[in-house]
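One chain, chain A, appears in both complexes that follow, with chain B as partner in the first and chain C in the second.
The block that comes next holds the complex of A and B.
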């Protein structure tokens, strides 16, 4: 399946993916309500910090951190593993394999197509937050904002690749939904989604800092809230993209092995 | 167009007896069983042919279609489809073929079929002008009308199958694999699908390979049939010849102006059915003329037709013979 063919079809894949993402209005509203956990954590941690700062976090810092977490999670979230798992289990992956576009590119387009809706949801929150708390707790360095943009792309890639990998695990496990459940438990704890990584005990923190979870959420949030200087941010950015490269290699391997198995068992 | 030599395909499938204990044991130790789905098939199909694959459930028909379309990798043997090795799934190959699986859909479930059509236009790189012309034609032939603008999930099974066919043909494949395309459809919708497929084959010179449990599909569409049983080809040739070979006797369907005693008919041949107003006699092919003459002369016949044995019965006998010979 040629890349040229995929590139040519990509705008249509995105457009159709967007139409699919907004097909259910009620479901979308429920989804928006279901992704407000960082705002709950914001209320919780702000209460804790009212008496005294926790680590480097006062109330303003917690507000900036969890609003940024909400925005990063909204923009970079993806659930395509569910579609892949379903397509492998019931055999409809066969229909995708018959098209001259690589199915993983098509899934990536679907994930990307959902992004405008995610931005529409997160943008009002970001604007309101900017009016309410101003720039307190956020970096003023344009270079770090540029790093943040690249880190968002890296975060989206890692999340997508995790989805592809876990989706492809269905080739071997028959159903990979529980694998994602296990991943999400680790993700919520170690990504910085519920607790900033720098509040972890030092030993645990040293390990968690280099795991992929942190690069999904914590790292972009830390960059935009000014937790790192330029040098440190760039070093972490390199670490994040190393995970992206590892994820790409792992996905290619698992897809190929999985497809052989799919072809061996009868599709 | 298609050349297959010594094709074999086997699967290793998990096996587990029912019950909690077996379920628990299977957590630690999986038992697998090797199933041979296709067992040494040789096949040649020329461009533009319409070929029906017939066989009981699990005979290897769908597996063969999936190997030919590149979805399954053969365990051994050679497969060439229009100069391509299907398992490589090259763009040029995928743009020439389409597989329609009656029990699987490619329509986007939550969107109108028009969105799937547009998606297929893009992925198959169909020029806009050609796409518009194809859509006009498909809309007319399949009477799609407003269906294309309703979410696929709201369409009836028949409406969905019409849209599935349209989606499958947007890139005008030269080779069409149809696996049970009329399954679950009512009689009139089956006829619509059959007529459409036949017209597509005639107008475009496309090669057509069909599997179906509805013998009517095969009888109407496929001059050539390939009978597959337990992964092997047990017959390859004209449908009429298969019927002739399996059930050489003819059936004389008689309708009478008044009631006729069964004994009067039993002397003429094997009485297959005798009911109110209609009786069916089975006689050797060579004896048909003589029996028809006697019936017309001796009995109050109001209507008479001579038919071959129903295809369902012919196939049942073919499969039964296949099982008996092993």
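The block that comes next holds the complex of A and C.
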């Protein structure tokens, strides 16, 4: 499982992953349609903002915010935990362990390879967003767009690491699907997915800003809709990558501890 | 069950209409008794199965409480800035949330697990074993995987109703509770029918776990009063997936503001949905060719 092997195998893994994403494109489309929550929330908040703006959000700002939310979730989404759970439970993880590439790298490659398809399916929404909102609802600063790209990468990393981490929890719990359920609840509420973070009551907001969820969705969306100036965006970016680092460390630990418990049932 | 006669999908007495109606009535009654007994057995089996995974249970209960809180937090925040939205006050909107919590319990506790089961059966070809059993296949698959723990949702729902009525400063009338119950029955029937339709799709497309996921994500919008939504969204929520019927009607009934016409509409819709989904299920079963392991 040397690094050299992984690097050599990575392009192939990506190709395989991409072929997989293309093969299941209908399925993927359904997954996309299933993430309609931002649009529902958009309809809801629009009704609320019809009479008067909420905080700094009028109808146009809500439109920009939730369309951006949709795109960010699409691009950074990952469901690898499901595959890991499956592999641990029915023992097929043993096959992956036999390969000369670390399974977690392989899973990461799969997730990464799905990205082009994800971008393709979220493109129409992005275009619609651009038509509806125009440049008014988005930042004009190229620097902030650059920050946005990095924040998207960070958000993807956090989501992937959470997936790997919870996937690895299956070593200890037999099935960690419920853990993911619990995570998702917190994620939906505290990430800015349903409610922009700055509409939270002040005290709750202070707590939420320290949690990782906000860096998964809210932060990139806020950057692209121009909620932060350069300094604030960079500070938040540092916070985001601190969570990425923490996630990497935790995943490595849990994987190592979990693998020791792994007994391939069946196989 | 070995001593029982092999049942056919229609009672034998149904074939000739001249037979004495009392014989037919007895046949129907014994059929119901048999299914009631079967249901009891299924629930007991589900309970025992649930008891096997105690860690899951604890987590499940925690997630439940979480979910209920999560359902309410956006509501609280939305209503922070307004006293009423689209004609709903906070207390009134809580009724919708309450019914949503209840219905979610039904969905996750009784409907979704069996859906997942059928999809699995179809993919692996093990549905044969269900079809071979001497009982109605739809009944069997709908009752095999009950999750009695989801009853906690009912408690949460009651707590939410209590909070809502406390804010409104009144209590529901017995009549309103009755109408709300009726309207909830219609909602459950429609929900079950929609899920049955989704499951029937499994016989044609094999992989529909995503379809049910899609449904669940749309269903999530039911936690909001339906008239908040306008335009395309509201059309979808009225005709494709009647969310209004599922949570807003029962909430209005509980508040005593549901037009009786809407209630009859809901009940009629429920009967139509049940009949239609049953027909589609039967067709789908006939289409099933067994994937062969």
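The working rule: the second predicted complex is superposed on the first by the 260 of 267 C-alpha atoms of A that agree within 3 Å, B and C clash if a C-alpha of one lies under 4 Å from a C-alpha of the other, contacts with A are read in each partner's own complex, and residues count from 1 in each chain.
Everything that follows uses one rule, which is that a contact is a pair of C-beta atoms (placed from the backbone, for glycine too) under 8 Å apart; a residue touches a chain by one contact, two chains touch by 3 or more.
A quick note: this is a predicted structure, and the numbers were derived from the prediction, not measured.
J.: May I ask you to decide whether A:132 touches chain B, chain C, both, or neither, giving the answer as first, second, both or neither?
T.: Neither partner.
J.: So, does A:43 touch the first partner chain B, the second partner chain C, both, or neither?
T.: A:43 contacts chain C only, not chain B.
J.: Could you look at A:248 and tell me whether it touches chain B, chain C, both or neither (first, second, both, neither)?
T.: neither
J.: Applying the document's definition of touch, where does A:99 land relative to chain B and chain C: first, second, both, or neither?
T.: Only chain B is touched by A:99; chain C is not.
J.: Is A:7 contacted by the first partner chain B, the second partner chain C, both or neither?
T.: Neither: A:7 stays clear of chain B and chain C.
J.: Determine where on chain A the residues touched by chain B overlap those touched by chain C, and list them.
T.: none
J.: Residue numbers of chain B touching chain A in their complex, please.
T.: The touching residues are 11-13, 37, 63, 66, 69-73, 87, 89, 91, 94-95, 97-99, 101, 104-106, 108, 110-111, 115, 118-125, 151.
J.: Which residues of chain C touch chain A in the complex?
T.: 53, 55-56, 59-60, 62-63, 66-67, 70, 73-74, 77-78, 80-82, 85-86, 207, 210-211, 213-214, 216-218, 220-221, 224, 228-231, 233
J.: Which chain A residues qualify as touching chain B in the complex?
T.: Contacts found on chain A: 1-2, 5, 8-9, 11-13, 16, 19-20, 23-24, 90-92, 94-95, 97-101, 260, 263-267.
J.: So in the complex, the part of chain A that touches chain C is made up of which residues?
T.: 27, 30-31, 33-37, 39-41, 43-45, 47-48, 51, 54-55, 173-175, 178-179, 181-182, 185-186, 188-189, 194-195, 199-201
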